[in-house]
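Next come two complexes built around subunit A: one with subunit B, the other with subunit C.
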Partner chain A sequence: MRFLLTIVALAGSLAAPAVAQPTAKPPAAPTPHWPDGRVNLGPLPGGKGHWNSGPGLLSETPIKMNGAFLADPSDVDKVAPFQPWAKALFLYRQQTQAKDDPHSRCQGPAGPRQFTTPYGLEIVDQPELKRILILSAGAGHSWRTIYTDGRSHPTGEDVNPTYYGHSVGHWENETLVIDSVGFNERFWMSGRPVGMVHTDQLHLIERISRPDFNTLRYEATIDDPGAYTRPWKGQAFNIPWSPVESEEFFCTDNNRYGLQHDGSIAK
Partner chain B sequence: MTRLLSPATDVRKQRLLSILAFACLLYSGPAVAQEGHPLKGSWVGTWGPSQSHANEVLIVLNWNGKIISGMLNPGTDNMPIKNATLNPVGWVVRFEADGKDRAGNLVTYVVEGKIENLGLPNRSITGTWKSQKENGPFKISRQ
Partner chain C sequence: MRFRAIGSMSVALGMLLASTPVSTHHSFSAEYDITKPIKLQGLVTKVEWMNPHTYFYINVKDENGKVTNWALEMGAPGALQKQGWTRNTLQIGDDVTVEASLAKDGSDKANASAVYKGGKKLGAASSYSAGN
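Presenting the complex of A and B:
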């Protein structure tokens, strides 16, 4: 009997499928740098690639999401310190499935939304011109200029409110810090959760780093006394590297109306 | 057929029609998107003692993060608004404005309405207004 049990046990162990050993993912290449020591936020010289859009979330604290919408609307106070009207407007946009989103009518993906928009972006460093361009592949195929020549923001009558605002940047060790003001009020500044509110008082500070070759790290601080009760910082999120050229995409190509999230046509 | 209007009158008429057509073109232009504070912007519409006896009214509203300010002009004069509030529950707007009647007496207007089509650039506000002597409905749309 003992012999029989041993045979059965042996047969069972032999019949069991081999446990798959987890394939070790090769470590990402290290952060690339330019000869002068600055971090290279784009492809290597002669290489190609772009930053794909990730599931980045603009929220002060972690919240459960259902796509671009709050899984539980009562989490709204965890997202940001809204003023009452801004919270009500944000919730209205969430409850109406973002049917009025200007982005669906090809308006620019400005503010933090630029870093979560489908089709991704490229960051082009132009040290000889002392500026960095952020090219949005998605939405309206637009670009944003970050001046790194030490200039200050325009003030008073010289402010021309635009989608991307006026951006100046500088490096803090391995991190590019972008300071932007002068935004217009024609866009929603977040895609996830969709519908975050801002005013023309928005002062946006973005911190961008590349902890390894395949990862862009993004963090936004929102200072907008027109819509929020205090400055707040969104949780940092990662954006993955895609080793292929970004695609040409024009939102306006044959876009006559703009599709709603439920598939109907916005008029 | 007898000509009823002189050539000079015809020219004046054509000129007037051209101006009216141009004004209509300007008026029917799409409102610029305003995705920030929903009251901010210029609003044009009518108010009066009744729907059939309504006058044009212009209201300009602004938001500085703490206070709603602006101006009311029902065709008489620009009146700064005061005590303006927006209750997000129902999107109810309320404000007051002081003006003067023809005799120079103080007239205080109290305006209360509700924002409709909140998500659209050309959203509207409908409601009622009243002063010491008059009252009536109004409807304004964002330009």
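Presenting the complex of A and C:
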């Protein structure tokens, strides 16, 4: 048996393997609705599919990106109206290549990041229960509840800060509007650019629509007087439909991030 | 270590472009260095077909005969399946060649971008995508 270590120059590009993708993009179709007129944010009855993660960018204005990082850090003021401390922290997270990202430790994909987390999500409308569930396939394989029964947010001592916070929702014509408070500070709320800062004062307003069958439209308004100088709105972005079932994904199953080969913590 | 030293030398010789970008649960550049490509050949000793990343391990013998066990990270099982893999694609004892990027922490770990088995090139659903 031959054991051989060779170190070579990779002078050429390593082209992607020529393998077939399991599914083609589904044909264009209009926005689906339930019999009562509500927008259907999931598959057709008897069908399958989920919202795949996309490269959604949480930024007030367009900026040039290099993956999850600002191509030019001097563009930082185009991203959001940061308070000085929040800007410094965001830039630190960017400059250190997101090495401390809680997401890499399998923490909840909360805030706007839920809509860009790898392996996607499903939105399950349960009108008989007056709630909508957002099932995140990626990260910790967790779910978030949006109450649509008209209840208010808890206040004062009743607020228990959590990753997903407390969310209530209502429909404005074809758009689901979700209002959330009660977040903890143990997650980074964006994956692109990675490392956007928030505090437990975050008040998040999300507007979700389905302009056609294959597209989920997402827009977030960030109202966090602890981290920003004024409320601001991220540019809306689209999330593509994937016509296959979402997969089981428990990030904690064998997460070796930050560990060396022998399982010890990397220095 | 000699592997890393030699791997660094190869940086000047070529530019590595990874396979299909796949977003995963951590920043590639937080853990791996795309400018330090390495090519390894050896026998598979273990396969962890698990989330959030599939790992496999190979025994690699250097020019002095010393055997080192390397850990190679790939994408999640679901992402690999989209590139034609199954859970049985790699078996213990398989003789494979791997193109990968070295870990920044200096351990015997690398992020695979391509795996060659029996002359066939397989993707690795690497977490590398331009700039991250």
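As a working rule, the second predicted complex is superposed on the first by the 228 of 267 C-alpha atoms of A that agree within 3 Å, B and C clash if a C-alpha of one lies under 4 Å from a C-alpha of the other, contacts with A are read in each partner's own complex, and residues count from 1 in each chain.
In this section, a contact is a pair of C-beta atoms (placed from the backbone, for glycine too) under 8 Å apart; a residue touches a chain by one contact, two chains touch by 3 or more.
These figures come from a predicted structure and were not determined experimentally.
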First (subunit B), second (subunit C), both or neither touched by A:199: first
Touched partner set for A:64, first subunit B, second subunit C, both or neither: neither
Touched partner set for A:53, first subunit B, second subunit C, both or neither: second
Partner, of subunit C and subunit B, that touches more residues belonging to subunit A: C
First (subunit B), second (subunit C), both or neither touched by A:92: first
Which of subunit B and subunit C A:139 touches, first, second, both or neither: second
Which superposed partner A:247 touches (first subunit B, second subunit C, both, neither): second
Touching partner for A:225 - first (subunit B), second (subunit C), both, neither: first
Subunit A positions touched by subunit B in one structure and by subunit C in the second: 96, 99
Complex contact set, residues of subunit A against subunit C: 1-17, 19-22, 53, 55, 65-69, 71, 96-99, 101, 103-104, 106, 118-119, 138-139, 191, 194, 247-251, 253-258, 260-262, 266-267
Contact footprint of subunit B on subunit A as seen in their complex: 83-85, 87-89, 92-93, 96, 99-100, 102, 107, 185-188, 197-201, 225-227
Parts of subunit B lying in touch with subunit A, wherever the complex brings them together: 32-38, 40, 63-66, 86, 88-89, 91, 118-120
Interface residues, subunit C side, partner subunit A - complex: 3, 6-7, 9-10, 13-20, 22-27, 29-31, 37-43, 48, 50-53, 55, 59-63, 67, 69-71, 73, 76, 78, 81-84, 95, 99, 103, 105, 107-109, 113-114, 121-123, 129-132
